[in-house]
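After this come two complexes, each holding chain A, first together with chain B and then together with chain C.
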Partner chain A sequence: MAADRKVTDYVTLVSNDGYEFKILRSAACIAGTIKKALDPTSGFREMEQNRVELPTINGVTLEKVCEYLYYNQKHAESKDVPDMEIQPELCLELLIAADYLDGE
Partner chain B sequence: MIAGRGRQRIRPPRRGLHGDEVDFDNTWVTIEAAFREIHTKNASRLSYEELYRHAYRIVLKKKGEQLYKNVHDFEKRWLSSEVRGDLQQLLSPSLLADPQSVASTTANERRVSGEKFLKGLKQAWGDHQVCMSMLADVLMYMDRVYCQDHRRPSIYTAAMFLFRDEILKSPLSPGDERDLLGLLNHVILEQIQMERDGDVIDKHLIKSCVHMLDGLYADDLESEDQRLYHVSFEKAYLETSRTFYHAESELMLQESDAGAYCKRAKKRIHEEEDRCRATLMESTTFKIREVVEAELIEGRIHDLVTMDSGVHFMIDNDRMDELNLIYDLNARVDDRKSEVTRAIQRRIMAMGIEINNEALAASQAPAPAPPPNAEGGDKSRLTQEKNVNMQTVAAIKWVDDVLALKDKFDKIWRESFESDSLLDTAMFNSFRDFINSTSFPRASEYISLFIDDNMKKGIKGKTDNEIDQVLDKAITLIKYVQDKDLFERYYKKHLCKRLIMNKSVSNEVEKQMVEKMKQELGPSFTSKLDAMFKDMSISHDLTNGYKNHVQGLGDRDPNRIDLSINVLTKTTWPLESLGGSGDGHEDNRPQCNFPAAVDKVKRGFEQYYAEKHSGRQLTWLPNMGSADIKAVFPKVPHKGGILKERRHELNVSTYAMVILLLFNELPADQSLTFEEIQAQTNIPKLDLKRNLQSLAVAPRTRILIKEPMSKEVKPDDKFYFNEGFKGSFVKIKVGVVATGNKVESDQQRKETEERNDKDREYVTEAALVRIMKQRQVFAHQQLILETINMLASRFKPEVSMIKRKIESLIEREYLERVEGSSDDYRYLA
Partner chain C sequence: MSGRRGRGGGRAAGIRGPHSALTDFLAANNISAQEIRDSYRQRQQQAEAEAAENGEAEDNGEGPSIANDEEDLQAESSAMAAERTRKRKRNQEEAIAKIKKGKAAKKNAKKKNKGSDDGSDYDDVMDMYKKAGPLPGQLENCEVCDKRFTVTPYSKAGPDGGLLCTKCGKESAKEAKATDKASKPAVRKGRRKIESNRLDGLTFRGARTLQQLCIDTLAKHADDIEELGEMPEPIMNKLSEIFSKKRAMKSNTFKLFLQPDLDVVAIHEAAYLETEDYDQIFAIVPHLKKLSLRNCCQFKDSNVGYMIEKAKDLVDIQLLGANLVSNDKWVDLFIARGHDLRALKLEWLDAAFDDQAVEALTTFCPNLERLKLERCKQIGPDSIDAIARLEKLQHLTLCYQKVIPRDRVVNLIANVGPNLRTLCLERFIDPENEDGPNDDLLDVIHKTCTQLSKLRFSENNECSDAGYVNLFSDWSNPPLRYIDVNSTRDVDNSNPDGPEDAVGFGSAGFHALMQHSGSKLEYLDVSSCRHISHEQFAHIFSPEHTWPCLREINLSFCPVVDTEVIAGIFRSCPQIKKVVTFGCFEVQDVVVPRDIVLIGAPRAQNAIEQFGQVVMDFQEEFGEVQNPMGMNRIVPVMS
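Entry: the complex of A and B
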């Protein structure tokens, strides 16, 4: 499979309108779909490039997704976590994105 | 994803952001092409996100079922054409050759082609797993939504079934019905066989294939017991192992000795255990061990134990390691280790009986050699005495032999049998059995003699520790003895002689011994022995008391005779067995006529004793006593012509003292005949004869001269005082023939046993009465059982004797039969 040297700390997520988000690989991999795309044993293109293009998600939503991924990682171990603030107009798109990305 | 998401899955709206309809066929073409790339390991060209998106859309558009079916078909096609084809190419003719005609190919060829096949299969399986996991990743959304909702196995699982059906269950070739799975099993088994024969094989490779079998299931439910490894391979493995080890054990039994067999068997067991760890599955360890143990041990242990080089041989040659091995093997298949136990017991019995027979032979051997010139009863009597001596030696040898045997088996037990408690009991029983065997009735006497010998000589110069060891050994033997009462009788007799004649090396040790017996056998056993010691110490006090008393009388006679006395309680001391040997029951022993000087002392003591303990009857036993005499022999020419008077202190028996005193009053040239001596002293004939023998015949202590000079003493023989007596020491001890403790002659033994039997009858009666008094009414069978139990610590009573005693008690109206009941008794107060 692909060489391990390509496993970087940060990966790039790209929205359909061209925004790029560089986030921690560990946070990104909370999303099942991203995790599988970057799985070193499979060796897909995304893994080679450390870059996942997500043509179904726009920049605004992806930003919120990234925010959530970090939020999730930060609070993974704690209890009584405060709810994340989500604008109502983003809700639906976030839900779709979640269904698409999660896998878990 | 959003915090607070419930179990309800939120679905995207059916028509929405990606409203465009999906063209399934076109999309599938893309996906299929990508899958091909994945299978040919070109995944890096593909975008996971794109493929995932396609599959996502298809599922979203409710085409999940179609997608699932297409993927399934695709994978099936791939496996059945590409993978199967590749594998079939690996099947070399030598591999496919009928297992029955292996001879046509060399082992090495078969191993190489087998390994090639295994490698190919391992590769195919590894690829399949990786590809399927990638496919499953891409089709994640389908697994999550479609498979779950429709209760289909995940695509990964389905693909595993496909591998089983399309690869493992596929025929080897269009013309060959055997399937790959069968071949795989066969190849692995063949490799294992090669390893058993000493070849080196690729364990890791086999382990991979075994893992594959373990990861696949025979049915579609993936139930635990349906792993292919279990249902297919393991069964075959156990089967072939069974056949193999059956044959091997047969061969080994013929070719090697028991020790080698055990080593081999143990090695094989370890090998199989290692194999399960390194090559197969751990879960098989237990099963294969069972098979190997069944074939190598269970079926063979009997032959193994009893073969020429078996336990018998190992014991005789001290093969501790081999004994340990065979014990270990036996313990594996049998908690009770019955085969080894039986062999050990047989051996102990055989060796024990051999020792018994040796002792019997040694004690009887000289008997059938009567003097050819049978001069008379005396000569045969002497030989008999010699025999008695030899018997004593035989007795001590017997004890030593038994102890050596015990040491030997103790060592085996410690070193080879891991101090197994079952075997300990078994060995104990065997020792007890041969020691008490009916063909060898002398154990009690021999053991007591052994102690006697040690008390008198054996422990001289030994440290406390060593003495303790000797005593412990004796105790060990006593524990084996069933007829403890008989032993007690002998011990009492021997102890009695030791005490009275002052033969013990150490009184302390004597007491120690009794103390040990008390611990082992209970205080009731030793109470009489204790009483004997008590008598001795009382006697000591009495002697001192009397001495003071005499001094108090102010009698300063320089020729006064010192008296040392032992007053013995008649019931405690086995005095009857001390009567002159061969005298039989002589209740009214004729009183010996003491010389006046002695008689005065005797009367003096009687008076003194009567004052202290009125009403007690003293009976004098001169046959047991001894006396120290100062004797003056007239001057005779010594070396260099000097005339010298010689003084000797003679230590003689009481009888001898009486005899010698007769000569005091006699002029030197006068003689006395045997009959005259007898008439004057009233010493029993046999005792007199023996004493005269030691005074006139024994070369070193010839204080009397006998005419005619011969070993035998006849009624009209004449005796003179030997004025020319020469002794090299001042103190001379005149031994009386046969005073030591010796093995009993047959007649004595018979008497002892008769007395013992009589005692037993009393004890049995007492036990019966005690039980009946407590129970009032009791059934016959139970009564007998309880009686045996009660007496077990002393001896093993015979049932017929108990029955006789019951009858006798009924006759004497202690008991009666309960009317209307066939076998109940009632106690009559």
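Entry: the complex of A and C
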């Protein structure tokens, strides 16, 4: 981890309508696409700036995504995790965002 | 004291501050709340004095002790004294008597006093308050909303120790429940739900994927969705699956899955759909390539006609339970669309689809690569001969209801075998053949099939263990990815132990199989193979063997399987995700490593409850290398 000190603890996620979310790198990297973009060995610009722009995701959805990332991180090792509340009206956009971010 | 006096003065000038109807009532009857409160205080002080026994001259020997004390206090608050009439004094004494009798009077007094606003007085009031709770049937001011209400045995206590009216009590109970819930981190789901998830291969550790959460939420609100918009096809399919599972696939929701630019429509549970709905598919999705409908009970001749007319690009058809389609219409379909068809899967047809339809199928669909005919009751031996003419077949799955002579099947495999990637033969037995075990089928597979990756050969009671050894020994086929030889054993109720010479997949066959395919095998099903010995299991899953690709094993109803074998599997299969052990009574107290699902195990339920918590030492070695945050925790269950 000492070598990684240069990389910040927090990274910035930017939605298509300009909202910026600063969240823990460890949480952000739960999402496969973000993880790849921030991979120290990749040499992407995202990696240098610690900033990932997500032009397909709007602010409201990205906020929920960030909430999920922290929720996932918090419950990574626990059993019988209570489901996170998702507003039905957000669901479809969130689903597409989830598909995009998972990066499988 | 001065506070009291001030208030007394206030009272003389007219009531100040809030006062209740009762206060007014009492005042009208010449009963003063003030007095009652005073008398309380006085008794209190008296008690204190007595306890201290320092005779601090509260009692001046003037008149009867109680009234005296009272007078004494009154004297100190001189402005008050003048006001007091004798009548009032009498009342006061009555009140005191009441107080002595019971605590009820105290409550009233306290309530009246509660209206006052003075700080020190208020403290006194609170003291009284704490000393006595109101009895049921009496009136009380609600602690929260200050409204008056009748105390019942069910009245709730407020945050400061007071009582709450029914309405506030309900609300506080609600809040208490909510906080109670929140404080419990894990809401324990029902046992049934847990078991259900386990059977689905879902592990419990960690949060579920965001996608899964969204899909579940969508399924809950199935009727409210207006349009799905542009979804990637895998997600469409997942949504279709969950809608089907929840029986939410109705005429209205089903339209969500019809979009003009799609080329796949897969409805896994179409039982609620009407005949007109099926026409919608072909009207809305003109470039349909793949159609999959299960339980499509109302899929009729007219729909097939419309499909022939509209769906010009159709290459892949799967229909389950389409029993209202007549033989002639099946033939029409094959004549019209047959040349383009690459895949056809038909299941559970009992009213129509006979040998002639299969004949037409093989005649007009020469390019068919994938064919699945399961539980179609009308077809018999002649259809087997017809299928043997399909030269381009790569995937063949057959399960017949009628008896098929063995030599026909042998002939079929000899013809189409060389190109096959998948071969699934369920229950091909020939009860008319009386000359004991016969390995012709295995022989012909051994000789002609050289490209198989998936082989299912189940419910067969004719082939011997030697036949399986022969199949897997020196087989020019590359290692299999998927093998299912379940229920290959002799079934005879009058001879439950089976014949002397083992019939079915046994120890030697198992050994030969693992030698041949072990390096690439991902799925292994040997359930109900009763002739595999414990030694063989222990040997195959011993520490010196590693089966690098094995992900799923079904050992159900292999009575010899015990805890040692299961532990051996966990150890020698690094990729293992799911182990099925129904009816394995020797499996007890097994420690299941994390991210592995053990199903069945009738005597190990308590042990499995803790599953997911244990990290085995051998897991640690390579577990750390893998992404511990893997978002995709769903075990893929192979078909």
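Keep this in mind: the second predicted complex is superposed on the first by the 97 of 104 C-alpha atoms of A that agree within 3 Å, B and C clash if a C-alpha of one lies under 4 Å from a C-alpha of the other, contacts with A are read in each partner's own complex, and residues count from 1 in each chain.
What we mean here is this: a contact is a pair of C-beta atoms (placed from the backbone, for glycine too) under 8 Å apart; a residue touches a chain by one contact, two chains touch by 3 or more.
Treat the numbers as computed from the prediction; the structure is a model and nothing was measured.
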Partner chain(s) touched by A:94 [first = chain B, second = chain C, both, neither]: both
Partner chain in contact with A:68 - chain B first, chain C second, else both or neither: both
Chain B versus chain C as contact partner of A:37, first or second or both or neither: first
Contacts of A:29 with chain B and chain C, given as first, second, both or neither: second
Touching partner for A:102 - first (chain B), second (chain C), both, neither: both
Which of chain B and chain C A:54 touches, first, second, both or neither: first
Which superposed partner A:83 touches (first chain B, second chain C, both, neither): both
Overlap of the chain B and chain C footprints on chain A, listed as residue numbers: 32, 68, 81, 83-84, 86, 92, 94-96, 98-99, 101-102
Residue numbers on chain B that touch chain A, as the complex places them: 1-4, 9-13, 16-18, 43-49, 52-53, 56, 130, 133-134, 137-138, 140-141, 144
Contact set on chain A toward chain C in their complex: 29-32, 65, 68, 71-84, 86, 88, 91-92, 94-99, 101-102, 104
Sites on chain A touched by chain B in the complex: 2, 32-33, 36-37, 39, 41-48, 52-56, 68, 81, 83-84, 86, 92-96, 98-103
In the complex with chain A, residue positions of chain C that touch it: 185-189, 204-211, 213-218, 220-221, 224-225, 228-232, 234-235, 612-613, 628-629, 631-632
